[in-house]
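Take a look at these structures.
Two complexes follow with chain A in common, the first pairing it with chain B and the second with chain C.
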Partner chain A sequence: MSVVTVQLGQCGNQVAHQLFDTVCSDAQDGQRKTYCTASTERFFRRSSQGDLVARAVLIDMEPKVINHCMNEAAHSGRWSYGDTSHFSQKQGSGNNWANGYCVHGPRHKEVVEELVRREVERCDRLAGLMAMMSVAGGTGSGVGTFVTQGLRDIYPKSFILNHLTWPYETGEVIVQNYNSMLTLAHLYQLSDAILVHENDTVHRICSQLLNIKHISFSDINKLIAHQLGSVLQPALTADSHGGYSRNPLGELVCALACHPEYKLLSVCTIPQMPSASIAYSTFSWPALLKHLRQMLISNSKMEEGIDWQARPPAASERSRSLTGANTSLANLLILRGKDVYSAETGGFEDPGLYTPWLSSGEALNLWKSPVPFNKYEKSATVVSNSRALLRPLDHMVRKAWNMFASRAYIHQYVKFGISEEDFLDSFTSLEQVISSYSQLC
Partner chain B sequence: MQRSKASVSVEVKQVIGALCRLLAASGLDSVPAPETFRRAKFSGGPEVAGQFWKLLATILQRTGIVFSEDSSQLKGDLEHRKLVAAGLWQTGYRADWMCGREAGEDEEGKSLSSRDLLLALGWLLAKGTLEKLLTQRVQQLDKTLLTSLPVNTQVSHELQLDLTSLRRLQWLVGYLRHQRRILLSMIEERAQLLHAVLSAGLPSAVSSSSDYSSKALQDDCVCMRHLCDLLETYLNWKQVEKVFWTWMDSVVDCHLTEPVVKTSVHTPHVCHHQELDDMLSRLPTAQKGPRRCREDNEDRRGERLQDGMDTSSLLCRPSQAYRVRLQVERPVSDHISTAKRLHDSTKAPDTFPASQAAQLLLKTEALLLERRDRQRQANRMQLQEMIGELEGLVLIPP
Partner chain C sequence: MTQSIVVQVGQCGNQVGCRFWDLALREHANVNKMGEYDEALGSFFRNVDSRNRACGVGGRIQHLKARAVLVDMEEGVVNEILQGPLGEVFDSTQLLTDVAVGHMTYGSCYWEQIVDTLRKAAEHCDCLQCFFLIHSMGGGTGSGLGTRVLSLLEEEFPEVCRIVTSVYPSAEDDVITSPYNSVLAMKELTEHADCVIPVENQSLVDIVSKIKHMSDGGMPGRVIKRDSTIISGEGGLSGAEKPFDAMNNIVANLLLNITSSARFEGSLNMDLNEIAMNLVPFPRLHYLVPSLTPLYTLADVSIPTRRLDQMFSDAFSKDHQLFRCDPKNSLYLACALMVRGNVQVSDLRRNIERLRPSLPFVSWNQEGWKTGLCSVPPVGHSHALLALANNTCVKSRFMELRESFTKLYRKKAHLHHYLNVEGMEQRSFSEALNSLSSLIEEYDHLDATKGKLMRDAARLSIAR
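Right, the complex of A and B next:
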């Protein structure tokens, strides 16, 4: 079962490239043949020469990033992109969602869909499609949304996961909130699940946990790739009957996003530290899980500065607002590394963590793999469908609304065919999402 | 005229042929020939009736309307017929012969013609029996079709329809949807692998297991071919169905015009014909030709003729006057009250006996015939006058 990745725009291409690199080096690192085979089958195919070729399609409206990615991959010596699996143009989308969605997307629809179809046909069995993009710019967000829409039409039965990179709150693109809002509102109807990484959070982790002084996009992408890899690499699941799961996207979606109003997924991983320190650290499952649980409850994405006061309400308490705890709809806990079967995960089964309408048995899923991931002897990741993204989403929509109220830059969108009516529709659907997550308690 | 009539009858025969093929393809084994249908229209002999008895019985059994333990060998004709009558009764069909038979079984041969049975068949077809048979057959042929199981759709009253249960329900439905997609993709993969194995295994020595599966495949193939044939037959039938109903309409006409005297005897037994009447009025456009020749005695037409108005529009639908005898007391008297207004009858509408009604109708008929003759005469005169005016015109007889 294989996943076909569609890399869209500058950010999407860079993050996906990093993900393939991480996954490939992780799979080839140890001596675990089954794990390596499963991982390879999932993300790579073999070229006629027997080399690993990423199951990916690269799409951008500018050639620079794609060329860079292809060269880097080819020079890594471990894997490469398919020679003809990319599509680029000479002129970008100018950070305008409408330009990407209404102009570039439709114009290149056939070419892009043909590229994806070819890649899909090379899979023995398609586990799903993963579209990776940012929401701030024009190509990733606009073209990405349009492409996702086309994929949904062509592959109605396949699972489509969108990985989104949310911009810095004080980003460099003035209309980023418009672009984000339009992207999210559209994807919410198309995608099966939307996995989100916020640049701000990732940046903080890089600076505080990894002690990086001058944080580059490459550092950020590496961290995102690490977290994504820890989710997507092979694991033993409840449905996989002792072998590595063959349907990562399907099981991920089944575990976390069955309700059409709740599709936003966030990730936190522990431990995260400078690679130099890993060798000198010891980890214990109880400590890791205790921290991870508190990160989940207090809604902090790193183990530093966790609010230890936050606690889930006891069965007798009905009001959550006093305890300040995050409520999850569903969580997927993924443990990788040594002695994984001895790890005690009871703390995540606390009904207080979840909504009253799902039992903790239904809301919590557990994946395990005895293979250490990306050099960490033990690591734990939780993918959570919770209120964690409510605040940033609310911020984004509020800022976009304030701009929209003064009709700022609207004409830039209208001229490509996105009317004020379309804006209002998108606002409405995101307000619905916000309201749904607000009621999650 | 003669030729077009002939071509129409050829067409009708073809259409009935299409119906027969469809019935046979639906799995019925005793389908009469198209010619038998034609003979039935004119109340063909007992062997025609026998074939229709058999057909009706099979249809009723196949569609589960009647149930008989030994369908192949019924104890006797009588038994057989009782079963058919009961089945037709259950489908909502009512006819004189169904009620009248109990009174005198010897009389049955006289009172019941194969046309009655043909009409009953028409009723069953119009009720959608054909589609039912078709569905059954398709399910037999295509085993991959999922038939909807009878599900208890009753929602428990104790179910709390609050937001919490609703959201839980939505979540579970979503979960099932995702599971379905996973299963579908697994089936797809399995099919692909099977295909690969089979296509790789075919050239080599055939093992017993692949022999078995190839036999299964062949069976499947035969089933699929039957299925295609069946659906094609249905399609052919659907395209010409209208012609059949027009023809059926002419059968109804034949039926309605013929036995006037017998009807008055049977009227008390006849209960509800409303449904049949509705059915008839819904049937596709009637044939005009045959009806024109038998509707001369209709009173309304008489009225119109007197007014010198065109009556063709009236002739398109079966008139009230002809359905009167099929109805219960009240509609009969209703009609008569209409007649009373028309012909100055002095009888009270509620106590109007059937014999007097018949008398009145006969009188009306005589009157109308007289009017018709008069009109005919007038027309002829008019025509001659017109011809007289046209100088140098020569008429050559055909």
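Right, the complex of A and C next:
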């Protein structure tokens, strides 16, 4: 089955472009025919000449980034974007969510939806839609939210996954907390699951684990694409009866988003190291999984500097606050590489990791693939629906609320049709989300 | 790409505008060696053939026409421009000169003519993003007609951003009624502009004399290029320098830097409509104090990082402000750093982290930084920085202005000159004064929060 990707705004287009590149080079590396076929069907179609064309629609309100992506892809020699599957305008949304959501979105609704429909019709079987965007600026967040809403109306039964890039805390856009808040509050009603990457975290991984001195946006995008690829590439699941699973988005949503109040997903991957070091490193499943488990428990996205003191509470302990451990609603563990069937994953079944109202058997799902991913002989990824994003979400809402209390910048949104009431509604629904996640224990 | 139109009003506006076009041509000539009409040039220039037909992007440069509208009440300055070396970049349809005392009379009589000219200029753009209005606050034409044009722009093109560069008179201005003109104009600026970039004559005089002093005096240990590109027009079309050229060049450089991101590529683009979005938290408080670096030390790059970090520090020092004020000792509402040249994101982050502790920001906008990176530096520099600060420090200058206004107004001095003009009433004066007072009050309210530890606003709570 196939996934149609909708890439929105500068960030969304850059990250998605990198994802296609990573997935394509991973699938074509080595001689794994079934893996390659499954991956290709998932992300690409064949042009009449037999070349790979990404199942993607590119949307931005200004032309520069899209032109760049199309050219880069065409010059890769491995894949390209469809000649007519992009849409751009001349003038950006000016960092204003309301401008994107109330003006640009509605104005170009039909063209954009037609592009997506054409791409969907080219799939033999549609697994779902993935919308990729940032939450800080105007186009990705505002137009992205509006487009997601339109897709939800047209495809009420399809899976829709949103991939969001969260800005640096001290960002390059002053109104980023407003834009993020409005985006999240709206998407929470529309999306099946929301997968988040924080720029700050990714930046730290680039600098500390990958040892990159002058970090560029391209380094950041590569890392996000690696983590996403490790989730979305073909794998064997419990229901797939020995073959590669058919619906990555559907099974991801089933595994992780089991309650409509909890939709925020975060990703941890291990190992991550400079590509030059990979050849000189050996990995063992017990060590990888031990680290990954502790990263999950202590809520750190890196295997370096993990808090080894944090532990899940024993059955006798009532209060969790003392142990400092993260609580998950559900986890999806994905293992890829050599000897994957010998890996012992019992550590992730510990009931202490989960809420009491869901048994650990239901809360943990396992995907495996014997094919090494993206040059790593063994790698493990956990996608987690847990309290991991509670803190950054709370920070964002706090800063936006402080600004809102002074009514600063509100007139810029009112100008395009977003009222103070709309802000209050969004704050209310996010406070509800925060409250739900805080109660997760 | 989008396009912008420059509207230059009055003697000062036209002279500054003229310097802007000259330096903009110099800058593009420096980058665009092939002589091709590219999108960058298209943002401020049209390309027409000998029959005045428009040629598209991608062809050779034939005749460049500035996207400008020149407005003045007397023909002197504008004629001089037309006969000068820059004359060719303007055509007669862009000019409005036969106009007669400012806001009321001229505006009403030539209303349609002005609208027509503006519309024509707008029709030449396929995506008009911004109007740049340049005028002075002291004289009659710039302040009166200039602000009238501003409200006209709002009426005719409500969706197009209006960025105004206003040149404020020195405290001892030779126009005796300049406090009246300035306060009357302030009301229009406060109500009708998206942002105003105030520039002060006295600051320009100080900067020019300091640069001249340094390059003449030759202070030991400092290397200053004689042809400081900030004040000289060397390389441009106009040869001989006129008295105000050095000062006008500084303002023109300011405009070049603001528009650089719209004209050239960069790794972190800052679109023109992002300026107001990020820097204006409250609609009336849209006065953005500009500071330009480097001003005094140029082109000598013996110690690169030190020099680069110095550039960031300088942007916050008193003697680099183009408006007489001290932002460091007042309260920041928001701040933009627009960097040009070979500067990386990591340089930006490092300097913001370094400077942040010493700069007071309003409690709800502690992270109120907006940044832009444009890869093309100004001619003759390796890098340059323009900082735009929305800061309560403008208040002190506005209070001075109010004081000199009331001094005249109490005695009703010279009032009859204004009241003779049809449509002008005494009420306009009191309204303008009230508008200025309430603006000052708004800044006062924000200033009052400075230094106090502000607790987080009580959050909405969810009933369980």
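Simple rule for what comes next: the second predicted complex is superposed on the first by the 441 of 441 C-alpha atoms of A that agree within 3 Å, B and C clash if a C-alpha of one lies under 4 Å from a C-alpha of the other, contacts with A are read in each partner's own complex, and residues count from 1 in each chain.
Following the convention adopted for this analysis, contacts are C-beta pairs under 8 Å (C-beta built on N, C-alpha and C of every residue); 3 or more make two chains touch, one makes a residue touch a chain.
A quick note: this is a predicted structure, and the numbers were derived from the prediction, not measured.
Chemist: On chain A, do chain B and chain C fit together or clash when superposed?
Modeler: On the superposed model, which is not a single observed complex, chain B and chain C fit side by side.
Chemist: A:Q432 contacts which: chain B (first), chain C (second), both, neither?
Modeler: Once the two structures are laid over each other on A, A:Q432 reaches chain C alone.
Chemist: In the overlay of the two complexes, what angle sits at the CA centre of chain A between those of chain B and chain C, given in steps of 10 degrees?
Modeler: Between the chain B and chain C centres, as viewed from chain A, the angle is 110 degrees.
Chemist: Count the residues of chain A touched by chain B and by chain C, then name the partner with the higher count.
Modeler: C
Chemist: Applying the touch criterion given at the start, work out whether A:Q91 contacts chain B, chain C, both or neither, answering first, second, both or neither.
Modeler: So A:Q91 only meets chain C here.
Chemist: Kindly classify A:N247 by the partners it touches after superposition: chain B alone (first), chain C alone (second), both, or neither?
Modeler: A:N247 contacts chain B only, not chain C.
Chemist: Looking at A:H411, would you say it contacts chain B, chain C, both, or neither? Reply first, second, both or neither.
Modeler: second
Chemist: Quick one: is A:G305 in contact with chain B, with chain C, with both, or with neither? Answer first, second, both or neither.
Modeler: In the superposition, A:G305 contacts neither chain B nor chain C.
Chemist: Touching A:E172, do we find chain B (first), chain C (second), both, or neither?
Modeler: second
Chemist: For A:R398, using the defined touch cut-off, is the partner it touches chain B, chain C, both, or neither? Pick first, second, both or neither.
Modeler: second
Chemist: If you've got the overlay open, could you tell me the nearest Cα approach between chain B and chain C in whole angstrom?
Modeler: 10
Chemist: Quick check on the output: what are the common chain A residues between the chain B footprint and the chain C footprint?
Modeler: The overlap between the chain B and chain C interfaces on chain A is empty, containing no residue.
Chemist: Chain A touches which residues of chain C in the complex?
Modeler: Chain C residues touching chain A: 1-2, 126-127, 129, 265, 267-269, 271, 273-274, 276-283, 333-334, 344-346, 352, 363-365, 367-371, 456-457, 459-462, 464.
Chemist: Spell out the residues on chain B that touch chain A in their complex, using ranges where they run on.
Modeler: These residues of chain B touch chain A: 164-165, 167-168, 170-175, 177-179, 181-182, 184-185, 188-189, 192.
Chemist: Which residues of chain A touch chain B in the complex?
Modeler: Per the stated touch rule, the residues are 124-127, 157-159, 192, 247, 250-251, 253-254, 257-261, 355-358, 362.
Chemist: Per the contact definition, I'd like the list of chain A residues that touch chain C in the complex.
Modeler: 62, 64, 90-92, 94-96, 138, 169-175, 214-217, 397-399, 401-409, 411-412, 427-428, 431-432, 434-435, 439
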